[in-house]
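Listed after this line are the structures, all set down as structure tokens.
First chain A sits with chain B, and in the next complex the same chain sits with chain C.
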Partner chain A sequence: MPRSRARAPPKTTDEDEPRVRADALQPTLALAEAIYDQLDAGEIPRMRLPLRTKQNLSFQARDGVWKLGRQLGTRSARKLDGALMLLRTFYLVDFINEMARDKKTSTLRELYYISEAWEEAKFHSEDESNLLIEDLEVLCTRLREDFRLHPEENGASVIGDLTIRERNRKGIVKTINCRDDVGDGGYSLPFNVEKEKIEFVSTKAKFVIAIECGGMVDRLAENGFDEEHEAILLHLKGQPARSTRRFLRRVTEELKLPVVVFTDGDPWSFRIYASVAYGAIKTAHLSSYLATPSAEFLGVTASDIENYNLPSDHLSEQDIRALQAELTDPRFGTPDWRAEIELMLKNGKKAEQQSLAKYGLNYVTEHYLPEKLTEMGIL
Partner chain B sequence: MPRSRARAPPKTTDEDEPRVRADALQPTLALAEAIYDQLDAGEIPRMRLPLRTKQNLSFQARDGVWKLGRQLGTRSARKLDGALMLLRTFYLVDFINEMARDKKTSTLRELYYISEAWEEAKFHSEDESNLLIEDLEVLCTRLREDFRLHPEENGASVIGDLTIRERNRKGIVKTINCRDDVGDGGYSLPFNVEKEKIEFVSTKAKFVIAIECGGMVDRLAENGFDEEHEAILLHLKGQPARSTRRFLRRVTEELKLPVVVFTDGDPWSFRIYASVAYGAIKTAHLSSYLATPSAEFLGVTASDIENYNLPSDHLSEQDIRALQAELTDPRFGTPDWRAEIELMLKNGKKAEQQSLAKYGLNYVTEHYLPEKLTEMGIL
Partner chain C sequence: MAPPPTIAQQLAAKQREISVAEFFERNRQILGFDNPQRSLLTTVKEATDNGLDACEEAGILPEILVEISKEGEDRVHVSVEDNGPGILRKEIPNVFARLLYGSRFHSNRQARGQQGIGISAAVLYANLTTARPAKITSKVEEEEAAHVLDLFIDTQKNQPRVASEDVVLWDRPHGTKIELVLKARYVRGRQSPYEYLRGTAIVNPHARIVLVEPDGTRVTFERATEECPPIAKETLPHPYGLELGELGYHLKGTKRPTCVEFLTKDLQGVSPRAAKEVLVAANLKASTPPGSVQGEAQERLLTALRGVPLVAPSADGLSPIGAMLIKRGLRNVLGEVRPDFFAPPVSRPAKVRGGFPFMVEVGLVYGGALPADQPIQILRFANRVPLLFQQGACAITNAISNMDWRRYGLDQKSGSGLPSGPALLLVHVASTKIPFTSEAKEAIAEDPEIDRELTLALQGAARHLRTHLSRRTRRDLASEKFAIILKILPKLAEKTSHLVGKPIPDLIPVITRIMDVVNVETSVTSAAEGVRVPVEITNYTPRARVLELFVELPAELLAHATLEPAPDGTEAALGRAWWTLPKLAPSGRTHVELRFPPRTDAEANDFDWYVAGIDEAHLLGADPLPGDWEVRLPRTIVEAAEAAAEEARAPGAGEEEVDYDAAESSASAAEDD
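On to the complex of A and B.
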């Protein structure tokens, strides 16, 4: 990390502070230092940062993640827009460091309103503030959670034999087993799932099944699937939050557990899988943190709809367009995915995961999942 | 309860069974008995049930709840539609009793798919199955949770000094304090919050604050508001699930704690309040179970937007139409509500609860809430 030249940076750690990465905010101060030096030298301040346009993104099929290219853009105070942007950036850096000193965090939405006090530099929309935060993530190679900023999204729930230690917002550490110490609702992931917040202690599980619908999670839990097959159930809650994706990444890396994804059978649910496995363009700069390329899609596939004769609905116009877009989406570039998407387009059908109830409440846990998991080499 | 005349009903309780209401399913069997008797006597089977149309509903301003009137409709096997409806009803009764024997539950969606096996009697849409379940609730004066049926909805999260005992899906009882025994995500309400499932043990709290946005719940928790003011924080998660509404009702009735509702300031959020306090037309037949008429609306009010000079947005066409509809909605029939709705229409503005961050992250807990709660006589 570049060392501050003019003066010692304010401390961001002390005895009571959660064990955050000691250098979490250092890059923000280095940014400020750089601008200060430019002003001191009588130069018009400017910042260079990687462009996050489609042209500057590539999907690395081998690693299965997005990568930013080398194209840079410049933000300069030469024009009013650029000057306001720079001003805004450093109000934000100031706010972030102030939160760290006060041991606070903030939602993205609160930040948008906090900027009311920045007068001409205030944000005009939450999109604007979100974009700036992403810029800062790229510039400082940090996660917004390092900046103590988080969205409203609900993180996943987890049910199963996994013991974790969570350092709560008051700094108290609690040991929680996600089966024995929680109610039927399971353990709710907090918005920050980094190591200073959540430590994995132990698990007897053999794999993680990440599930789209709450009703299906309840079904597996009620049928004792997690116990019988030594699985951890994770409720994705639709398009997964970043905390959910980060959690799955950590589970794979640190606990070496395979992850399978079980969703409805339609193009939007396929994107849920892609989000878990490969990330999204929006967080392309964080793929190595948030993506779990080894995660496998279990179902519901177009083949399943045929083979299991599942109750289905017709594809809508939007569904068809989404599937066609997926045929050119590099995340679905494997032969298996192309075959499935083409089959779905050909049959014109989509189906929900809960449609397996056609064969009774136990069919999914007694037949469908064991068959699919055995095929996949998990069981 | 009417006693079965022909033969003893199957037992729905035994030593291992959760302490469900012993007579939970008795009315469904009585229904079946009645139809059997009609057939036995050579009559065309028929059922009479209260109509759930707008004309047969009235809002009892004194109790603050909806009540069903005396109008009845008849479902008769004289016509094919009626016959299929009756057949469907008893397939459903059979499925419910089978679940009770097998100690299972089912989501509304699974039920819809289960009906695939009922051939001509199968449901054509989930709306159809939901309506039939509501009919059964009215006919049997039971909750669908008694029938072991539940929706997908996420129940609320609860943070604060409240100790409960939850009997989990395996029948094991756990004591959980919603501050000391849970992570930052709080305690997640299960879908059934009846006494056989959740028992209130103790609390030191003085009131409950039911909050619309997760970010605001996090703000209050992070600022220690629950500890400082002896409050229980409840995250409504938008339009509250039935389990959330039932929970608030029980908290008021059994723990005698006042409930205040804190949402964004716009007509849709006003309806969130109304749903908690008075119920909705859809569940009019269950108002006395699900409504908490003593719950008070704290804000954000139209007056607050003015008095606190909050960052606001313009009302959209839909917002204006919603507010005008609320002027004739009996749930907003008090002088205070009329004044507030008319003020909002006059000013043309709506605001989010997190907009209080304009004055800094601590403003809501150090100024806004204490001021409002003191005005309301809670603090």
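On to the complex of A and C.
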């Protein structure tokens, strides 16, 4: 079975780490200035941005994460798409400046609807607006929160013996134990998980297990896995949100807890792990802030499907294309990952984590996880 | 006492004439009566073809009315009426109720029917399946009334039997109507009478064809031209195409007194000198009476004829549709599809195979409501008759499949097989003798010479398609650029000016840099005062331009055109005119206009626009002047053209940068929050 890169959690350096700053407006105006000067000089307006493609990921040994490389792309008004994105950029900058003046914030979804009034510059999908915000983050080296833009509350839920102190909307500080003070749904992470919002108080847990599906989180909680093995359960909810990844990063950094990732056994789950551990392509500019390089992949691995004889599905054409794409993704460039991906391609099978229920409801907590965790040296 | 019968005599005693009914039964398939659906189509087809042939021979614009109605569970009543010259009373029984009777079998020219089986076979089929007679109504112009005959075929003797006869008044000057009741089934769709008549209407735009379907639906294919196609002349047989038996038939039947006269006057392509050479080679005297050339001498004569160079067979016997009528026919019938593009039809010059002339014509239509994700539609025609069956076995289909259509802008897996795309191909092969794969005449057989011509004609049409598609791509690119400069750029300037608190800058320099083209915009508008073709030339490049504009249009159109301003040169015979345009500053614009009398039949496709003084990459809506024009250009234009070419070659002209918004972003859309 593949082992992820086992590395000591690196310290983030201050200059690398974007923080919420009050001076977010100035760089946005500098962008407007640059375009204005080009227009005034009779030049075709353009901007240069680092390419956020897998080909432009570069491994930062110091941080143990994959960050944006040096390849630049040009967004130019010579092409319709480029011209539209430039125009959108300044509608967005205008909107950000307006919000700052009015002391308002907006959700990403609200921004998408705000753009209805931008005529031809309006966004056609939320993907488009999210991409542009990330572009602005890269160009201005600020976080979207600096631009008063935030996602809806879609953070992970946490169950386990972890006590935190959260400053809530009304400014009141609450101390919460994520096992004893919460309901069955666990503690739900807010979109802002920075220190000024959440402080870690104490924990008796020995490790964090980040889980793809809610059903599996419930199974572990019902079987008392967190208490028996002193674990913190974290529900990733598919591709984890930024706040989830930032939270994991802080847990490893500040509480020195190891993190294991437990997902389905399919190519998409490999990508979930990669974005947790190595950094996601779209947010590679924030990898040193969001990625948790010490996180290890637990399973379900391609060999688990064979070894545990799990009920499986055939790989779809899409799955096969995704696996082949991963073979050219530098984040999966290690011999372990290549072997894992090639094995899955060879067997042509994928399995859900809940397929372990084939052997009964307790099998996952009594056999599978203890075996795997022992093998990984965590138990 | 008579000697005992020989084996041959014994065999002869067993031999008897087979009845036409047996002949029909054995050949149902090749005659086109193997199932109820097909039997109806064949009947409609034979009757329609006869009607069209009759009209054409008489120089009458055809009106064909086909009415089909149900008569009981599996019976159909078919009536096909034409406005042809009519048939004399004494000929009616033989024409309709005797197999292998016809006037065209021995004539050497292109015609729809050839063997004289078709319509009688339909009559026989009706007689056999429903025991009902064929009712023929026919009137010739010279007579006051029409003859109406009920006919059966005597299947033992292959002779017509007139069951009843009448003379009636018919409110038409002339024409023929055949009515049959037969076991048949009406369907619409592929291989149906509807499809057949539609195809017929396309290649016979001079005909008006009406179909009344069993449910009362009336489909009318209006005529698209009032001109009859030229009548194919009857030509003499050419020796290269003669079989031995035919030669014997002609030698016996000729009225020429001598062989030399027979050779030079009854055959095609034999000059007196060639005749002499042939006779010497055949060891025959010039004065020999043709009737006395028999047996082995006939064979010698044929061999000699084939061994001597002769004048190639004449194409006079052919009746092509012609480029103009192919276009009209397609436009007329495909109107509801609204294609974007009708390629100028390709009509190849006549060629010869064996002793028979042939020619290939191709029409191509693209876009509109034609399905884009399916194989292209193919309309095959042989001597103006639609071929509906055996598409896969046809030389036309093979020629299409063997071409690499990807080069011309259609999809095609691995560069062979039927291409896909929103296209329709019309292919017509005309010949005094078409090599069919079988007597059913459903597909054209493979033949190297026909295949060569098919390929050349298809390539010609395909090149037009490629030009159209590349022009369209450039137009799309242009409309994208216009969207940038007209809608986006002004707003970008407004937004950034607002953010930095400065006045909006002059955008013309940026606009000309983005566009970097000279745009030639033309349109054709028709109004009561006349047809106008305004042309607007705009210099969207960052430099001043000196340009020469050229137009090429059909010479007969140019003859009726008023040009404004007056051109600096014309070549009336070639339909060409040109202007030296005033010097255009960046974003400068000038106009030219062509005006035609009201109702002139002109469309955008008729005009080809060319510009000199700038290279192709910086030209929109027009093409660079082709090299073969041989027009003497003014010095200023020559210099401008050289400068433009220099500019295009200059380093840094096409600075390569990665387009951020076209670069493949994250490996999966599902990644990230």
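Here, the second predicted complex is superposed on the first by the 246 of 379 C-alpha atoms of A that agree within 3 Å, B and C clash if a C-alpha of one lies under 4 Å from a C-alpha of the other, contacts with A are read in each partner's own complex, and residues count from 1 in each chain.
Assume a contact is a pair of C-beta atoms (placed from the backbone, for glycine too) under 8 Å apart; a residue touches a chain by one contact, two chains touch by 3 or more.
Not measured: the values here are computed from a predicted model.
Novice: In the overlaid three-chain picture, which partner chain does A:176 touch, first (chain B) or second (chain C), both, or neither?
Specialist: A:176 sits against chain B, while chain C stays out of touch.
Novice: Looking at A:363, would you say it contacts chain B, chain C, both, or neither? Reply first, second, both or neither.
Specialist: After superposing on A, A:363 lies clear of both chain B and chain C.
Novice: Quick check on the superposed pair: does A:91 touch chain B, chain C, both, or neither? Answer first, second, both or neither.
Specialist: Once the two structures are laid over each other on A, A:91 reaches chain C alone.
Novice: Contacts for A:200 in the overlay, against chain B (first) and chain C (second): which applies, first, second, both or neither?
Specialist: Neither partner.
Novice: Would you sort A:72 into first (chain B), second (chain C), both or neither based on which partner it touches?
Specialist: second
Novice: Looking at the overlay, what does A:120 touch: chain B (first), chain C (second), both, or neither?
Specialist: second
Novice: Would you check which partner chain A:154 touches, where first means chain B only, second means chain C only, and both and neither mean what they say?
Specialist: After superposing on A, A:154 lies in contact with both chain B and chain C.
Novice: Using the superposition on chain A as set up above, list the residues of chain A that contact both chain B and chain C.
Specialist: Common to the two interfaces on chain A: residues 154.
Novice: So in the complex, the part of chain B that touches chain A is made up of which residues?
Specialist: 99, 104-107, 109-111, 113-114, 116-117, 150, 152-155, 157, 166, 168-170, 174, 176, 181-191, 213-215, 218-219, 221-222, 224, 237, 311, 352, 354-358, 360-361
Novice: Within their complex, state which residues of chain A touch chain C.
Specialist: 29, 32-33, 35-36, 39-40, 42-45, 47-49, 51-54, 71-87, 90-91, 93-94, 97, 119-121, 127, 131, 151, 154, 238-242, 244, 268, 271, 275, 280-283, 322, 325-326, 329
Novice: Please output the residues of chain C touching chain A within their complex, sorted ascending.
Specialist: 480-481, 483-484, 487-489, 491-493, 495-500, 502, 505, 507, 509-510, 513-514, 542, 657-673
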